[in-house]
């Protein structure tokens, strides 16, 4: 069993939980093209999670498959950041979250392309192309909304402020990431911060918006299984059917 | 096994599901007194359900207990009306629903006090005192809101209109209720309608509001396990923990 | 007149009518109504299955379901585009959907109560849709026919996925088998009603079928398509181990077809008039999404207009 | 002055101060702040457990939990009433809560992650609250003391319920035992911090303890109460089979008390300053409920005003 399994669980949980939230937009998006686009991004992230879980089950010695991870873990065993578990807000909230998350993912997957774990490097190679598209998509919308109408500018700015407390957590170097970085499998989250902030800042400036100051409060604990209120309800929905029919295959 | 068990499941599911919805108001009510009052009504209804389920488990021969009914049934086996499963709206929506449901319960429990099933009659005797209080509480608020400010009048009238399509279902004579009524255990839902409408009409008039016309669309199917969209999500929340630990006691 | 002659000649020669061709106003109106209703059905049809995306029982099924709902959105878009070639725009068609002037397939007013319903929709509803749509690939109106070719290819993929969901359930636990059977029980009759009311024999009078056939929009009667559907599905049900909920269903050697029972047309008309389980919910959901998104669409338009005028003003920002 | 003399005499005689009695402004302010903070803690404290009402694992537990959260609302109401006897009103106190001018107990900024947390809150948090509150039943200010008597009776009931939740889990499956242990691991240190920063020895200088003791508001130092709490809980933990997460915890024969480790006061101050897991969420939730309900409270006031004036005008509708 590999000591960096916990690090990979964090990576996989981030994208699975965000895929679950993004998929909620289907039938709820502002236009049909966007139902499709957000569904597409959800599919990409879901695919990344599905590629990682069985690998984690192999290296941690449990032999767990994707659905063991997705459907059979309690809240305390999930290692995703709070950013991705927050409830769906308005479209500006989603674009603010997608902009930051995708910019983070571009830096992350770029670095993971050099992972000493061949599976991780392989997943990252494919993921990088996807998350670059996600970043483009979010950037396009942030610029349109920031530089659109008065209302959309106000909403987009408010969304940047609401998402702000959830960002620091992406860049915390927890124990698992230090282990993974030492082994050359992973990357220190803190090392990604400057690239992400620079990327987002460019978009925000083009959108005639401004990056908010740091808030007094910030989220923490996701990587240690300490989640925010929405997580339990997300899991109830995600797992209810699977949990209701123990041992069934689908 | 008694052929009227299905009828009692409908009675119990109505109050359990509504208790679940009402309890959501706790920490969300317009004033602290109301957090308490709605919690109290939820507790009364929950108590009624808990008194009925083990009795049903005895008469249907399955020996199921309250948690077998509450935590282990799939959506198709729930027999509550759509009215009680609808998502929490604003406070006016809740008072409109509570007014109708309590007026219905007063008529129902009055009739069930004469049930040939001693347990049902016993539960009804206690429940009648409770639901009279619920009716008073809802009436008080409907009058206050109807005859309060312009905004509250408008909201209360809109709430009466939104709840309207869910009322007819309360008074449908399905097969199970016909069987139960024939045996003297239950009462034909259609026989309760006039009393309920009269009661509600008095309150609505005092509130300077008006009862809406029948809508083109009306809910149906709850007593046959055909539910509306919110039901599955309600069950996911209700059952997630119980389903996640098969065989555990709490 | 010249319009009529050219058009009639193209129809007679079984050639495609293209947007640039002159066409009778009634033909245009019939097509707009039909294509729009078809597009609306794809968009509203995202909701019943969309209801299961967050609760799909496995990640694999979740991925397949997301992709399917996405395909439905895509079909809606092709179809709105086809309708736009007839001189209406999508925003106007969506308004007509939202305020009830145009309809969508009544099948989507039935609820999806269990996971098995995702299987039944794929197997039965998409199956019936394909039966209806394959002949439309030869429809006289070119853009509609071409959209249908693309749609049909994906629909038959969806139908196989639905079959496979049920197949897996029928080979699962007793609860899973019961779930699959229950779904088939609830979706079978509504699927048969999807082909529309009887339009042969006595019933042929007064309906749209005759005119639509003459125009090459419709190729088979509702009743013929329904029969073909029943004939196709019965062996598939046998393979699944599902009992179709019709005691009168049996092979008729003489006709070379399956006989089947009477559809409850009262229910059909009731649901069509707006009193089905989900009529209110489907339109309310669609409207809410549309209204919630109004500020986003306005912003996109404002941004595009700003940029267009910038380009005009400076003549050099189009590469930005 | 006369105020000071009467007041001092009552305090010296260990008599109760009542609302009609003159009292020093500082005493009044201290009490308002303390009672309001206590009331706010009850109201905000509904949220962590309220989070589990819809998901309680059995109907019996759901009923107990609803009743408990209801009790907390009731405690909030008694305490706001007690504060109102000092000349402030509840609406004003709630405003001070909502805009951060007044605080609530920092313990409620920790999240409830599993069902076992409902047990740990009852056992540890209510246990610590009782330890703090029992002496307040003898507080010099009458209305506060009387409210506390009622509150304490219910709190000790809640504490037993919390213990019983954990007891059941510890006798359950291995997962349930792990859940209970995990909850105790997370709530133990925050519960110890509930007694406030050290206020004996060196730390006695500069805090409020000395003045509050002189006024008969506080009867024991934070440190004394904390020690009593530890001494009470260690045997209960043993009975449960829960290992308290403190390697330095051991019986000190000489002191006749349990020794225990150092509390992480940096975390305590960080959370108190607003940077705990749930600070933002708790206040946002409370504010939203208050704002969403504004139109209801306005309507109730408008209705009452209308009726009051009707009564005045006709003199005969008060019985209506």
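Every chain is named by a letter (A, B, C and D) in the order it is written, and numbering of its residues begins at 1.
Keep in mind that, in the parts below, a residue touches a chain if its C-beta (ideal position, glycine included) is under 8 Å from a C-beta of that chain, and two chains touch if they have at least 3 such contacts.
Because the structure is predicted, anything quoted here is derived from the model rather than measured.
Participant: Looking at CA centres, what chain is most distant from chain D?
Facilitator: Taking each chain's C-alpha mean as its centre, the farthest from chain D is C.
Participant: Quick check: more C-beta contact pairs at B-D or at A-D?
Facilitator: B-D
Participant: So how far apart, in whole Å, are chain C and chain D when each is placed at the average of its C-alpha atoms?
Facilitator: Comparing mean C-alpha positions, chain D is 59 Å from chain C.
Participant: Any idea how many Å lie between the Cα centroids of chain B and chain C?
Facilitator: Those two chain centres are 37 Å apart.
Participant: Which residue numbers or ranges of chain A touch two or more of the other chains?
Facilitator: 74, 232, 236-237, 240
Participant: Enumerate the residues of chain C that touch no fewer than two other chains.
Facilitator: 55, 175
Participant: If every chain is a node and each touching pair gets an edge, what shape is that graph: line, ring, star, complete or other?
Facilitator: other
Participant: Could you list each pair of chains that touch, in label order?
Facilitator: A-B, A-C, A-D, B-C, B-D
Participant: Could you list, by residue number, the parts of chain B that touch chain D in their complex?
Facilitator: 16, 20, 23-24, 26-36, 39-40, 42-43, 46-47, 49-50, 66-67, 70-71, 90-91, 143-145, 147-149, 151-152, 155, 237-238, 240-242, 245, 247-250
Participant: Any idea which chain B residues touch chain C in the complex?
Facilitator: 74-76, 165, 215-221, 225-229, 232, 236
Participant: Contact residues on chain C for chain A in the complex?
Facilitator: Counting only chain C, the residues touching chain A are 43, 46-47, 50, 53-63, 66-67, 69-70, 73-74, 76-77, 115, 165, 168-169, 172-173, 175-176, 285-286, 288-289, 292-300, 302-303, 306.
Participant: What residues on chain A touch chain B, complex-wise?
Facilitator: 74, 232-233, 235-237, 239-240, 243-244, 246
Participant: In their shared complex, at which residues does chain C touch chain B?
Facilitator: Residue positions touching the partner: 51, 55, 111, 113-114, 175, 179, 182, 273-281.
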